[in-house]
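See structure below.
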Amino acid sequence: MAKYNFLLGCSLVLVVLFNGCLGQGRLPFRQGYECQLDRISALEPTNRIQSEAGLTEVWDSNEEQFQCSGVSVVRRVIEPNGLLLPSFTSAPELVYIERGRGITGLMMPGCPETYESLGRASFREEELRGERGLQGSHQDLHQKIRQFRRGDIIALPAGVAHWTYNNGDEPIVAVILLDTSNHANQLDQDFPRRFYLAGNPQQEHGHHQYRTGEMRRGERGNGNIFSGFDTRILAESFGVSEELARRLQSPQDERGNIVRVQEGLHVVRPPWRAGEEREFHRHSRYMDNGLEETICSARIRENIDDPARADIYTPQAGRLTTLNSFNLPILKFLRLSAEKGVLYRNSIMAPHYNLNAHSIVYCCLGRGRIQIVNERGNSVFNDELRQGQLVVVPQNFAVVKEAAEEAFEWIAFKTNENAMFQTLAGRTSAIRAMPVEVIANIYQISHEQAQRLKYNRPETTLFCSRSAETRRRPAVAAAAE
Amino acid sequence: MAKYNFLLGCSLVLVVLFNGCLGQGRLPFRQGYECQLDRISALEPTNRIQSEAGLTEVWDSNEEQFQCSGVSVVRRVIEPNGLLLPSFTSAPELVYIERGRGITGLMMPGCPETYESLGRASFREEELRGERGLQGSHQDLHQKIRQFRRGDIIALPAGVAHWTYNNGDEPIVAVILLDTSNHANQLDQDFPRRFYLAGNPQQEHGHHQYRTGEMRRGERGNGNIFSGFDTRILAESFGVSEELARRLQSPQDERGNIVRVQEGLHVVRPPWRAGEEREFHRHSRYMDNGLEETICSARIRENIDDPARADIYTPQAGRLTTLNSFNLPILKFLRLSAEKGVLYRNSIMAPHYNLNAHSIVYCCLGRGRIQIVNERGNSVFNDELRQGQLVVVPQNFAVVKEAAEEAFEWIAFKTNENAMFQTLAGRTSAIRAMPVEVIANIYQISHEQAQRLKYNRPETTLFCSRSAETRRRPAVAAAAE
Amino acid sequence: MAKYNFLLGCSLVLVVLFNGCLGQGRLPFRQGYECQLDRISALEPTNRIQSEAGLTEVWDSNEEQFQCSGVSVVRRVIEPNGLLLPSFTSAPELVYIERGRGITGLMMPGCPETYESLGRASFREEELRGERGLQGSHQDLHQKIRQFRRGDIIALPAGVAHWTYNNGDEPIVAVILLDTSNHANQLDQDFPRRFYLAGNPQQEHGHHQYRTGEMRRGERGNGNIFSGFDTRILAESFGVSEELARRLQSPQDERGNIVRVQEGLHVVRPPWRAGEEREFHRHSRYMDNGLEETICSARIRENIDDPARADIYTPQAGRLTTLNSFNLPILKFLRLSAEKGVLYRNSIMAPHYNLNAHSIVYCCLGRGRIQIVNERGNSVFNDELRQGQLVVVPQNFAVVKEAAEEAFEWIAFKTNENAMFQTLAGRTSAIRAMPVEVIANIYQISHEQAQRLKYNRPETTLFCSRSAETRRRPAVAAAAE
């Protein structure tokens, strides 16, 4: 009882902890760094870190695109039965599950151990439990475990440690954005530091190495947060022998950050319901007033792939789904949001610009052509973005996306919890907002031409390419529906 | 119907978008830049950009005053029938209308087209309307148009595109503050980038030129955000011919950023009421709870010149009017405020300091003497500020203003939505807040002298110079009223 | 009446002024500065500034620890009858009273003069009062005076001027944190500037000197904010003679920033109640909704030493008390919090890390051993912290504290208004949050060993060292209570 009261108090503190973050903005372009952004390229990961049961691929944080937008990106592959060691960073993270399914556990300070796993009780355990009067319960209490699957966005607050396990049949592929310019981060702005609770994994973003210009080969040097403590004090702290305490420091662990669980992990988690996917979402999308009752039960996951939930949908052209602080309130504290886009063949996402965010666009399927234009009217990117590639669209830069012979699917991470874009063509565009007379004068065209610019595209945001004949169809008429 | 529901949804998003900005602070002195501020000067614009129907004058953003306070300043003259091309920046803007009157249109993403202009329908238009069954309506729907006049402050949120037109008889003169250190800005901190939607205007703050140390002469290089796109994709996006799409890119436009509307713009706007000015303001100053219902109808304009609305008024000395997030709630999102000051001849604004903001002071009429003192007690500015000149008073620096033979009017932009100042003399001053005993001890003076310091100036903030005889009047008695 | 209405209006403004600060985060590691933090040391003040009635000791702001965490630290000794001259800075301050008692007056703009001191009325005063019809009142009105004593934390908002007086029998020793990376500060990030209202004190953090690499000896150059004004305009502003105005500028004052009040200060202040300490606190800890009615009456002080109010208490090990925005709401505006820790002999504070804040740890009694580990598992600090020494624990770095033959008391200033830490051992730790199966797999140990790690320490955060026999006691059983 007393325990739970204590925990309740802590949870309350947590609610406000994250409330506190509300006030936090983010930094502009890194100072002292020349952010010309005159030429942007489609980027692939440059660093691969293989581990026992998976792979971590890292985009080079030194790239101007990342330096200027203040983010880092990583892609992880976790094989079936692979367990990503628990870790935390001082930057909030947004994870997109490109493939696979699994479970994750967040270690929230002050949250109660509300989940019970039956586990495989050892003889010793039985004995101990007997002494404690807990007959035959075999119980192991721990904090909430959360399931995720393909198409999910997972929001991880800064500083909260978490582990992840692949309990599915195919590899998990996850793309992870770390927002180092976020004000939750009081450490370095340009390179995230990842703190592991176990193992001996290599630093992914290599603060020091990159700086000194070389990867020190053969160097161990890495370790987890227990490695640097005296074994004696660890033994004291955990009330165990120094021998066991030494295991926390894992000096001999060569498995890397993703380890194989030989016989599989048997933690208990609530089953997905029958009629699983649909039900699951209806359930998880309950309305709330923007503030969960406690952070311990806060939703940190939401699916962004389900076509039925698109925010913008044009049958012949594609769809656009947005996750922001409205449909995933914890994003308010992370100050990040996400957009999933699907463009069918021969379709266009209207020229537009992001008002209040950078947009980090990752192609998850097919390929598309993207054009990006800066404030001087210069094209800074005009290229194809292929599956697995990434490009940063800076705040306010104009951008257009196009799918030609192949459909184009992307996930865009945005550096504002309610990122907004303004389209320049189509219904709800900036052109529609202006009087015809203004349009005629600024472009030195006739009123009739101005009306064509304003009304010829009646669709919103997503257009399918027009054939020659449709283009000859009476223009304004098309705006009538 | 469906359309309006959609738009309503977007508006809601917008309300919160700007709410999101609530959390945004601003940066301190630019890092890596030596902000000694040992010597400040009165500055005039150094760069003049002439365009067809107006003039843009730019203060040099490289000046220490601007670099350290993280702002840029521009003055625009728009001639009658001049139209400022639509543009946006990633920095919020605060505009003071020094002279003239006009209209402006903001293109807010997601806001409905609630205004209808009759326009001059062409034959083609008539024809099209006939096809659409819109008989004789001649209507052109567009977003809200807002009027402004001399003495107004206009608040422009970051990233929102807007155009401006002079429909009056005299030139519009506008002084514009761009807050680049504002956290709404995720681009460069030191130079704002302006994105035009039309024309081919020159960049005002010349990010690259200044950096490379030379203005590349004869260089076009500029353009609008359509210039860098393929004409083909623009044609597709707008559903128009490539020929018309090419007009969006305006490669041949030599008119600059302010263009002449030959026969005048005939957009419809609600008339100013009879008994105009007064009524207009009473109306626009309705009480609200700090959060407009939707950003689409938010007030972005407020007059700061009307003597009847002064916050501090001393009949013989002058008046002071403040616009902050209380009387113009959108300033909460811009995190800026403004102060209009008028000092009559032979008057003083008490020595004071700004607690939580820099103050960018622009002299709009007459001239005054300003003294600014740093933390070491050194005078960093002791000079006259003449009409059209500008000086930055850094946060916490002590300042005194004085009008001698001429009255002195200024507008001060402040980098906090509720900028506060603490006076050092007069009623409500820091001296008044201290016990007489403390005053006597810190200045090593008698109690009587301490009382004189504390009570001899019964006025608040604005004082008229005392003649010799008044100074000999019983001191404390003056504090009695 | 009119006066009070005016003041009320101003107070309202203030409430929101500080609300405005809500949105303010803080900066990450100083950019352009290499924040390796590979080696941290226990620091003592390096600069001593003696004044008439006290001493100011300054920690070197150039130290990597301070540069990277964006704070400055100062210790002041104020002798009995010593008066610290009124001053303000653009950084919010958190003060810990290590010893002594005194009074302080904050000069809040817009707050009414609600305190009345009888003072020693001079003849001249009597005369003046007679003229004003204030018979025999001898009154001197000034703003609220606040008492403080050993163990108090005092929160000083940025830009608010304040004076402090020692009315006790022993010296006041105060440790002061200045949060220069706080967004309330729009001036330099690395060196706070202190503005004095009187005297001629030396700058403590020596912006310019440090930069140029040498202390300019024999240099005066310092002064107060009146020093740089023309005497004439000061005379005009205060309505006094130039002779008296010159006293404000204090050019000859050699007393330094802490001056002696020869006969003692006789300002009136409400008495501490009978049964003083306890009562006083019960009273001052009233519940509120997080927002004081007006800033003028806001609590800025709270005791953090009282053992009865500890948040975590283990009888044999020690206690931990936290002040955050819940129990001292003004911390919400300062975005700072504090922790007082007491470890008895042979006790440990569990290994832990700060999720969302740097922790600036000052040893106020005894000594303790501290170990700090970075993200690479390297020990960056493993040393004793002795009374009067200070060490910065960066955000997310793992840390363990230990008291051996002596008890260890510390005060920790934290750069978040609700700083949170996550323990790694003991109840409510990260280890407890994980399923036993996960623990077994990540550390490659048996289930039984994993259970020992998880359950052997049933205490929360503070542990007493176990003797050899207790360590052999059945492990899990210990978790049963």
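Note that the chains take the letters A, B and C in the order they are written out, and that residue 1 is the start of every chain.
Note that in this section a residue touches a chain if its C-beta (ideal position, glycine included) is under 8 Å from a C-beta of that chain, and two chains touch if they have at least 3 such contacts.
Composition by chain, UniProt nomenclature: A, B, C = Cupin type-1 domain-containing protein.
In this text, all values refer to a predicted model and were calculated from it rather than measured experimentally.
In the CA-based superposition of chain A onto chain B, the rotation angle is 120 degrees, rounded to steps of 5. Judged by shared residue numbers over all numbers used at their interface, chain B and chain C contact each other through mostly different positions, with under half in common. Chain B and chain C have Cα centroids separated by 37 Å. Counting partner chains per residue, chain A shows two or more touched chains at residues 22-25, 27, 31-32.
Of all residues in chain A, only 3, 6-7, 10, 13-14, 16-17, 20-25, 27, 30-32, 83, 85-86, 88-90, 105, 107-111, 113, 115, 117, 119-122, 124-125, 128-129, 131-133, 140, 142-143, 145, 158-161, 163, 165, 180-181, 183-189, 193-200, 203, 208, 211, 221-230, 233-234, 236-241, 244, 247-250, 253, 259, 261, 265-267 touch chain C in the complex they form. Here chain C touches chain A in the complex through residues 22-29, 31-32, 34-36, 69-70, 324-326, 332, 335, 348, 350-351, 353-358, 371-380, 382, 394-396, 398, 400, 402, 415-418, 420-428, 430-438, 441-449, 451-453, 456-457, 460, 463, 465-466, 471, 474-480, going by the rule given at the top.
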